[in-house]
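So, here come the structures, one by one.
Across the two complexes that follow, chain A remains constant while its partner is chain B and subsequently chain C.
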Partner chain A sequence: MTTPMNNKPGALAKALAQFRKIVGDDWVLTGEQDMATYRDPYSVVWDEAEEIRAVAAVAPENVEQVQAIVRAANELGVYLYTISTGKNLGYGGTAPNSAGNVVLDLKRMKRIIEVDDKRNFCIVEPGVSYMDLYRHLQEKGLKLIIDLPSNGMGGVMGNALDHGVGYSHGFYRDHWGSHCGMEVVLPDGELLRTGMAAVPGATTWGDYRYGYGPFVDGIFSQANFGVVTKMGFYLLPMPEHFLTATVSVPRYEDIIPLVDIVNYLEDSNLISFARYGSPMEIPRVISKEPDPELLKLIAQPGGGQPESYEAYARKKGIPFWAVTLSFYGPKATVAANLDYARQRLSAIPGARFGDGESVAFPVSPEALAKSRSASQLGVPNMASFSLGSRNKFNANPSDGHVWFSPVIPRTGQGVIDAHRVFGAAFKEVGYPSRIGPYNGPRSWMPRTFVFMMDFYTSRSDKAENKRVKEAFEHLVRVGAQHGYTEYRTAPLFQDLVASTYSFNDNALLRFHERLKDAIDPNGILAPGRAGVWPRHLRKEKT
Partner chain B sequence: MKPLVNLLVLALGTAAVGPGATAGAADAAAQAQAPVAQAATPASIEAGRQLYQRWCLSCHAAGPGHPGTTALDALYKGAVPSVLEQGTSLDATAIAYFVRNGRSTMPTFRKSEIDDRELDDIAAYLTARKPKAAQHE
Partner chain C sequence: MGAGLSLASVLPGLAWARAPIPSAAASHAPLLLLVDPRTGRGQARIAVAAQRGTPVVTVDDDVTRFFYERLHGRWREEVPHLAGLTAWGPYFCLTQLARDQDMRIELHEEFAEADGQRLYAWSASPRIAARPA
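Entry: the complex of A and B
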């Protein structure tokens, strides 16, 4: 939604003048070329009236400067939209929710404040990327593993604050869930610390997250109640060994017992990340031309019916589902856990087992070069950004992507139901289906599935972008009718997604608005973020 | 063999009419963002090498799993090296354009990430490798 600028006449110019005094002329950016770098390069509404562009950017290098900037903005009523590394690609990047915002760019705040490989935590500033933290661990010889998202350039803090996820073990994959203690600049410029960070002299910031009293950290994630300037995170101690192995099952409905058993194994801490897939799911980067018969099946409106894929799998002698199980730990222990997993999974008729990778930590360059699991080995990379980009079989690359990623029950029946509901939704809206019976769920979150449906964006084809937007919004609405909705989305869709959390006349959103009005009465921080608008803009919203 | 710089300019031209930029924007942007010419010193080349490793290598290194290299491989079809460090004719203007404007799934990079001086250093590194890189062609 495009909102009118609320800045009072001259307020922006006054604010920018104050910002220059705070951070210096070089770090207040207003020129056309500089501001082009603050657009969302993956925008679905690129060059359209709906595309929200920031009016300026200010890049402080320490928390005192952040406080001064926020105080000035609050006094003048100028909106600030905070980014950390600005690489939340596919979920909005650097672009704000509403017009008239100055981007508060925290990339220059990139201190790694503390890393402890005995108590296994780190405390970082917003500009620290996963690659920065990995480099630090390497340089210092620290025996820790970072749980990584697909985007190795992403920010450790920013990813967690947007509920990003990864590929390693248990709760570490939930990046917000593994945070411990925060430092936050409130909308009036006051500095707040939570958990044990609130205790002067305490050395337990990275150890115990709750501190004492109401646990307020949650209101600073996917939100606009403060500017988070430091966070602690639990890190996984470097294990001795990493092991993967596959199990495949022949029939579509085998997904039901398969998920039940894998859930048991994971929730008992016997396995780590389980990657669900099917040999009929075409990888993002392919090394040979896919079978035309399979492409024809996948091109069916709505993705087609399971029976056609089962017939194809039988004809080709391939299983329907394949899951790659992963294990971290002592070599003997992971081998024993794999044996047990195979024993349990062999209860599914026709189950077959295959070996995978076996890598010792610390990972040697040779082992890393051979591995297809760099992220699981804690090595940040950008391999997933081959998605939609040019390759041997894709002569018409996209300019980006957005994800439709609804939360799905972690059961085989939940997977089957989601296939049916979203396949039908694609068929209704007349868009090539981004899901079919061959798609496995994503299991990054320790206790739920999401389905990742990718939509490609363009900086030149407005008609295609329009189709993407219409299809995306249709999917959100249809999903909500069945109890599915997104865990994370780009600003363009945040109002819509917030509206799907609609229990009791959107009591949750109304509570967020009450908090907003109390904590940020002038509504200066990221108006509209996660659907939460300040009072004066709620009146204009419709 | 067509020099890499010509193909990069071709890519800019393509951007002006296809995915990647609005008509005319690429040329204008490239002119507006052309780095101030500076003599490449050993220090700037070394600084550029380190910056390249930090910012560029994850997409532009050799081998699979590097989307930039994969994309350039498909674009150039072996006519010139798809690994940027192996190119012989990279142009500082084109480098600056792509860093600040992105291309396809390559995002934009802000001054708070790579400032103008650092961008000059990266350009110095990538444009200083002609003798060795020429052996690849």
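Entry: the complex of A and C
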């Protein structure tokens, strides 16, 4: 939706006056310089009429202020868009998902309420970043590991609420799935707790997530039904050792047995995160001159055919696929699990093995400096932002990116089919393919393959941004025709992606709309988030 | 670090440098310069800073360690006037982090280096203290 959604005449001014009484003048932001920080830095419509901008921002300090703000907004019919630390880069960042919103910035709510390293959980407020939590663990000497996304600047709660993912062990990589109990301010200002947090006097908030009766937590994730003000999370106990090792296989279709065996190993809890890749994938850090012959292959329309890459790999004496397996646990156990993994993977003719890192916990500064796996070692970092730095081999790095991240079947054949479908889709839309037969699946989310494609955005090249938007939308539509669609998306594409979950005449969306009408009848919270619009805006949208 | 150092003296030639500096900066706020040493321009800035006694921290594309060691949880209190001449990564990340810590980063100039690198000259200051009285 590009039409500004105006709040009722005079309502915004009244709301801001109320907000100033609640939080003080310093924490209601309207000036140009302040509001510049509430733009999506990776927007594919940067500086265009379609760019979604906030009308103001308000930053409360505690849940009582949140309740008061929400009540005032509800009475006046003013839209609020909630952010925690605002680091959802590639998915909107600090910017709201629709026009006319005041950003409700929860960055000041930074309390780490409880961390227990015997029961292995934490309870935090929205402004707690991964870095904040890490520092807390270090300072208190707590033997716990946080599962981290690449973006170490992000918020623990915000990442989980948008179904963010990470790189360590098992279900911990599913950040939403690792949560345990929450506190939510509903659109009428009422305060709700779920799970064992709903039991006065209970000390089991961080233990048991389901409580009793309907498990409603899910409606507050990737959604607009409430403002989440506290969450519990399960944390991985600090293991004794971390190990990585590689397995490489020579042929394109070796991906089929490779995935089958790696799935078995992971689903049996014998390995942790498995990173699929290929030596023919141009890294985002381009630090040496890429082989012109490989660049020519990659530039083929649709990314080219597997046979040409197999020929290249044979000529260069390199494998087609390489997977880095990771292991956490006692040293003897991880060594035994690695040994078993190698035995199973040896069934693939031509499989070769290599050593990776071997790091003891707690991680020493020297070991951390040498490691390329800081995130897997539980150290939040910003290394990924150095990817794609401008240099003589990478003359035009992007200003940002959006990801098209469809979920595909967790099989080697699923990967092969995705190459074919999306390679053809890029050819069809006439956009340089963002994938080729060398692209492996992303397995951050346990038991799930996401087939990620990067699109780069520019703050100056509007024509290129337009092409990105068109290509992205085309891929969403083509993907949906084959049963593939996104697990997460930027606000610009929220309606399109929501429309792909269309079973039974969009029954899911219609159900979400029923919930929205019941829980937020005035439609003040993040209208349109995940395609869920309040009743009074649905007609306008269509 | 000498008394009375201004941001203007550290990054000369920028128009913003003629703007009045908040009184806190002139009296007691430490000034720290973050510089990418991998280009000639960066090396020249380091040399100027050394002559003037301005503390300099060098950084490449990843500002993680600097953030943890010098800014995290203490930016506003201990380094309220930070300036930088860095690659995109540090500038972008610190801009994102500044908001959390109620700081603000202003970009002043972009430089294209001969080898294709780009450097960004920026300064940080407290958001609330920067407001006019």
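Keep in mind that, in the parts below, the second predicted complex is superposed on the first by the 534 of 542 C-alpha atoms of A that agree within 3 Å, B and C clash if a C-alpha of one lies under 4 Å from a C-alpha of the other, contacts with A are read in each partner's own complex, and residues count from 1 in each chain.
One rule holds for everything that comes next: a residue touches a chain if its C-beta (ideal position, glycine included) is under 8 Å from a C-beta of that chain, and two chains touch if they have at least 3 such contacts.
Just so you know, these numbers come straight off a predicted model, no measurement behind them.
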item	value
Chain C versus chain B on the shared chain A, clash or fit after superposition	clash
Contacts of A:87 with chain B and chain C, given as first, second, both or neither	both
Touching partner for A:107 - first (chain B), second (chain C), both, neither	both
Chain B versus chain C as contact partner of A:143, first or second or both or neither	neither
Which of chain B and chain C A:47 touches, first, second, both or neither	first
Chain B versus chain C as contact partner of A:459, first or second or both or neither	first
Touching partner for A:39 - first (chain B), second (chain C), both, neither	first
Dominant contact partner of chain A by residue count, chain C or chain B	B
Chain A positions touched by chain B in one structure and by chain C in the second	33-34, 37, 41, 85-87, 89, 94, 107, 127, 131, 135, 152-153, 374, 380-383, 385-386, 389-392, 395, 397
In the complex with chain C, residue positions of chain A that touch it	26, 33-34, 37, 41, 85-87, 89, 94, 107, 127, 129, 131-132, 135, 152-153, 374, 380-383, 385-386, 389-392, 395, 397
Residue ranges of chain B touching chain A (in the complex, touch as defined)	18-22, 29, 32-33, 54, 58-59, 63-67, 70-75, 100-102, 104-105, 107-113
Contact set on chain C toward chain A in their complex	60-64, 67-68, 72-73, 87-89, 92-93, 95-100, 104, 106, 115-118, 127-128
Footprint of chain B on chain A - complex, ascending	27, 29, 33-34, 36-39, 41-42, 47, 57, 59, 85-87, 89, 93-94, 105, 107-108, 127, 131, 135, 152-153, 285, 369, 374, 380-383, 385-392, 394-401, 458-461
